[in-house]
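Labels run A, B, C, D and E following the written order; every chain starts at residue 1.
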């Protein structure tokens, strides 16, 4: 049973896909319900996995391995050469990411009630997207990872381009081009590794790269290792995204439907961080160590750049978009800190930003639904007509600026804790970002909720209601529970981080 | 022996080939273009026949090859002319440079 | 009882949650929940305090966050200082909540107000109980949020919005300093726990330079929270919040958190002379600086706000001159009388619906209770003999003198004088003379508002007696018990003339104010005219806000703008340059596709020729 | 075979062939061009004779000088176009083409101008046709058969494309 | 040579060719004698039957050892079997396409010729795959070309078709001449037309001048054949011809003709130049030394194909450039020789993938363009709403062409990349160009999908699909996805059946 559990998890959205697919086009309600129910099997399975983990089942017992593709005909050298297996696996890190994925997906599916047309196509793509995301976090080899990685791109392209706002097509193209470039770099790096070693299994590769295995073909030189490590970092930095690769993400955040941005900001961007940890750090620890400086540099740049630009935006979505750039900068800083605290902080930041961004973008969706705008200049005084919404927005804003008691604080704290140890100067410069974050976040949130209420807003008076409470309460609850008792996440991560630290050469 | 050296034949073929090529690419009349292509093929044939006699291992094969070539050239000319006929019926022109309804 | 102390902050948290979730349903009834639960907190804290008199420090921790091998813990600790603080905070909070029941009557979001108060009280109590720096920081920021929420309670007012934002951001600047300090301290000592930190400090494991840096960074946190120069500007603006809030947060508790922080970390500061000096000088300067501004303010709450800043400066001065007990003592007394003053001021505002003292006057007869209560507060803060402020201020002067900082001592004395003067200016402007108000129906506040003021007035009078040169230094002895080495003496013995001088300056201030504003014997502009430049400068708070706005504000905005151009033209342009050049290439390429078959052939043949020529030039046998 | 005789014959034939080619390019009347090329084809046949390929030479004369030229002439007649060919190509096009041709020619010329392959005695001229026949039907049966298909294709194609569609005419030529 | 020797050859090895030839003959006779009013469309099924029979007989030939007939003029080796599979499979699909082909101006009178010319072209291509003799290869090539010329021009009342055909003949003629000129030199320096013999002679060649001539010949043959596969800068005919030709013919040209082109390139180059010395010392192979030129052409092809495709508004032209780009990708594999390990299966798999996705795309284009009478991109608009299933199929084909994982196109590209990286130093520049080209291709491929899904519907006309066409689309769709998800089906089959293609060069 355990052996198939992961495959079951990854492909469980298929059930929903089938259900939605057989529905007639016009059945809006049913399709939406089925679409949402489609996200439940993975959620339940992932929660089950989590409970298994806590009841002491070794995560490695879930590993799946099926022979899949053999490239070339090199069996005479070694039957394993150039073989790509269908192998899924789990460790603490991926477990947490999977939980994030399933939770955010379910909530985003719920938030998709605002989708106004072609629900069928929407939910089909949505569920395919979820398969891709789940696959990315469980794939045990690079090729499989890449396949799932791309599998997230295509549905997202359509989801943005079809159901987005005014400039949706531009945004989806921008998304496509940047991510295309990113995945191209990634693919090249993966294939060089594959071609030179004959394997793409992550574990085998990291062993080979660190211990130095015997390579049948042209070996990988030291400088090439640096190149590959850098390629991984760049590829995922585009995904993350880090300054100066962020402009696509800003557009996507501004133009995509809010429910998709929930997924996008909540999970998809996180693949970048996951990739850097898994591949940059995991496969090339030595090289990563000497490149960490650059990682931190760009982290700090993103943090400040995003923050400064968020100050000027007049569209709330753009504020959040630049805030994401800024927060991803913190992730990079943590990853570059090269110590437990920094890395753990980065992972926490990833999770935390996932939850917070999902919350905020859900609220953006609500806001747009009620007022028809997200322009800060047109809004104001919403606390009067929509107190609950405003309170939640404020809570989200506070979480985003790293208020203690919310998950954002824990992560930022750990990142800075780690970075002050290894790169105090950068950390000190980065600390400026903490102030700026407060400035732009409050500015935006207060422009919406405080002040005189705008005539435009006055018309719509109804606050959050019914189902809309579910995503907000769940997300806020998670944000606060992680913030109040961070060991909730810290536990599963410990093993992974220990392994990582060992590779990076101790503490 | 100081007969006509192989290179003389080869150079002749080369010259004819170049002339044919030039004609095929410059002349406007499709018939002339086709006939220029024939000339190019002829040049290749001279090579084949010359090598058949003066080659590394002389053999009749070159001549056989050239026979095939000649036949093919004839067939090609026939088809080319037939296409020209069809074109001429529709367009009333035989000029290559007026065939530009498809571009960019 | 101490093992149950964790319940103390939980009660107000429950208030917060219950009232928030119930929404606006309960209106005024919400107050009872808040008051009752806070009362429970108060009683519990009182019990804890009493128990703490006998028993040693109590500390409980649980694992909270594991980073690699390091376990960070959370929990609570009951020591002398925070046991005392617990009582002060819960008491003031309780009183303010009772007061608010009357003051906020009729407010639409009444129960939300209590929810916020509950949240703030929770955070403040949590801050006080924190056993380690990280947890302290945790609540430190939550306190800021509570303050933010309450300042912005009248969210529809543009000023309230601005003030709330400003308060949060200014304190955030300080917080970042604190955070950095805490982190650096962690890497120096390997712990966030006070005890371990102090051990490491005492063992001299940290170089003095490092120590100074850390101490100063931590102090920056205190500067932000306690409204010390140069991060003080938010505090006067914070008066946009409801007056009970000002009493609770911006007089008695949160702003004192900075002082509390320095007091808590006192051993650390003691280890660095420079750091101590920084604290003292900042405190001293802030004290006189804020006092000078208070001289000319016309808004009753602003005067009190600057007075608070000034008094906090005093406390910092005390701590900076090694007067641990003095600082804490003044913190306590100040909490009482300043809360009293604010509540009384609130009562006045409640009655007359204006905050401008120019429009008040002659209220003494109309507000029969508020007037005397206000007077008690004013006397206490002015250092009038035998009231609490007198004793605590005395301690500070003593400690400054003892420490040998004569300049600071002089500043403190002058500030005392100014304090007495501006406070009585305020008092006389409000209560003496003729009514300048347009409001005719001036009613005394309901008893529910007066009751808390009575309690505070009582405390303002008597709380000084726990630490006097005459009846013993009970407070000091108890505070430093067991930690004499770390915290210094329980009492500063100074020359007796200091006390007399203090009395003298205070009386002089009062007299001057009396002459100017009550009797009007001395014209109000005898020293400088209202339109003189100096007056303008002071009236505009030395243009600090404007300076910030034009320097920092513009710098940030300008830089943002600059970056937005980079974003637009360089970052955005990068990809569009590439795409447009590719498109251009495509254009050229498709232009070549002329439809001319011979041209195709030509290009193709050109390609062959190029290949051949290159081959001929580089290839095989020609080499 | 006299050496000088062979050389003279070669020079003469080559001269005629090239001259025909040059005329093809320089003449303006289309028919004249075709006629000029007939000389080239004929002289190429002569060259084949010199290379002891009598059968190829005969085929050359029959097919090129005969069939193809005639077909071409028919083509010219059937498509009654203006007889003159005006130069239309741009100067640059011509120039670059000339450059390319020159480059190509030089590159190839470098390879062949002093190619010395030791001449071996051959028997190609003895019963040339028989040799070809034997070779063709022993070794090259398959291409020969494919060739027949090819011719069939050409035939059908030519008819299909060139046929005048009057709808009443059946394809009874086959 | 007498009959006995003649009959001693294993003629059974030529069974597929015979079947195709026979079918073509039967078709031509039927076409000739069938009354005019008789619908010639039915002939397609006969042609299809022939192709299926040939396919089956080819499969039955898998058990044969390498067969060589008449000194290699016909060879049935692994290479021939593998690539004939693709040719026959593709031809079957194209015939189905042709069966459903209904151009607006009609194609009644020449439908019969249409089918058997397909078959003769196919025969030419098949001959090319399985011959070890330069004359036969050349004749096969010409059979294919000549048939194609006619096929392109078969809509003779269509001006574009005439023009396309004319351009094709002229360009094709020139390329034939160049190829032949090169071949004549090859014959000259080896004295033989048998690839095996030639290879042995060339491998032993030490004379610098002969080597130089060999080099010249290499370029001429390469360029001549590059016309066939439409590699830049010899590609320029392709868009015009594609635009003018009937859609099934375009599918034929872009898939089968291209496959044949690569087959003959591999045949000649691998046989002759892999073992030929690259310099007088014999230190380097010829291809090792000169693959930079192929790489250059490959790179140029990728760039030009993708970049110019960005600007195309006509679907057929767009896919002409797309197919140019794909030829470039394949040339990368040729240039890098698959790193020495991956060449054959890479090329084979990519051609298979390209066949599936491209014929699928052309099926959709044919359907839409014959219905709307236009070939503009905008005919795709709103397809997602009009016919979701067709839209999904089209999307899959496009994604596969773009090389998105989960489709055959991805696995194909992956194979090519493996070949570029496995050697030291890897062909990084070439790989970089290829990947950049792929990204550029995203723009126009996804531009089509934008039309399909994001643009409003123009006409509400219900799309009628003939069963033949739907079969093609379904087969292509299934294949594209199947070989994308479980490519080992194809790859293992290849390896198990054909091993390493060790019998490629005749060892006589």
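Convention: contacts are C-beta pairs under 8 Å (C-beta built on N, C-alpha and C of every residue); 3 or more make two chains touch, one makes a residue touch a chain.
Owing to the predicted nature of the structure, the values given are computational and were not obtained by experimental measurement.
Steps from chain A to chain D, taking the shortest chain of touch contacts, total 2. Listing every chain that touches chain B and chain C alike gives D, E. Centroid analysis (C-alpha atoms only) places D farthest from chain A.
Put simply, the chain closest to the centre of the protein, by Cα centroids, is A. Taking each chain's centre as the mean of its CA atoms, D is the chain most distant from chain C.
Interface comparison, B-D against B-E: more C-beta pairs in contact at B-D. Note on chain placement: the centre of chain A and the centre of chain E lie 43 Å apart, centres being C-alpha means. As a whole-number value, the distance joining the C-alpha centres of chain C and chain E reads 78 Å.
Between chain C and chain D, the centres computed from C-alpha atoms are 101 Å apart.
Mean C-alpha positions place chain A and chain B at a centre distance of 64 Å.
Multi-chain contact residues, meaning those touching two or more other chains, occur in chain A at positions 177. For chain D, the set of residues touching two or more other chains reads 89, 97, 101, 104, 107-108, 110, 112, 114-115, 140, 143, 147, 150, 153-154, 157, 160-161. Of all residues in chain E, those that touch two or more other chains are 135, 139, 142, 146, 149-150, 153, 156-157, 165-167, 170, 174, 178, 209-210, 212, 216, 239-240, 311. Interfaces, counted as pairs of touching chains, are A-C, A-E, B-C, B-D, B-E, C-D, C-E, D-E. Partner chain C is touched in their complex by these residues of chain E: 166-167, 170-171, 174-175, 178, 208-209, 211-212, 215-216, 219-220, 223, 227, 232-234, 236-237, 239-240, 278-280, 290, 293, 303-304, 307-312, 440. Interface residues of chain D facing chain B in the complex, by the touch rule stated above, are 1, 3, 6-7, 10, 14, 17-18, 21-22, 24-25, 30, 33-34, 37, 40-41, 44, 47-48, 50-53, 55-56, 59-60, 63-64, 67-68, 71-72, 74-76, 78-79, 81, 85-86, 88-89, 94, 97-98, 101, 104-105, 108-109, 112-115, 117, 119-120, 122, 124, 128, 131-132, 135-136, 140, 143, 147, 150-151, 153-155, 157-162, 164. Partner chain E is touched in their complex by these residues of chain D: 107-108, 110-112, 114-116, 134, 137-143, 146-147, 149-150, 152-154, 156-157, 160-161, 165, 170-171, 174.
Against chain B, in their complex, chain E makes its touches with residues 134-135, 138-139, 142, 146, 149-150, 153, 156-160, 162-167, 169-170, 173-174, 176-178, 180-181, 183-185, 187-193, 201, 210, 239-240, 243-244, 311, 317.
On the chain C side of its complex with chain D, the touching residues are 598-599, 602, 605-606, 608-610, 612-613, 615-616, 622.
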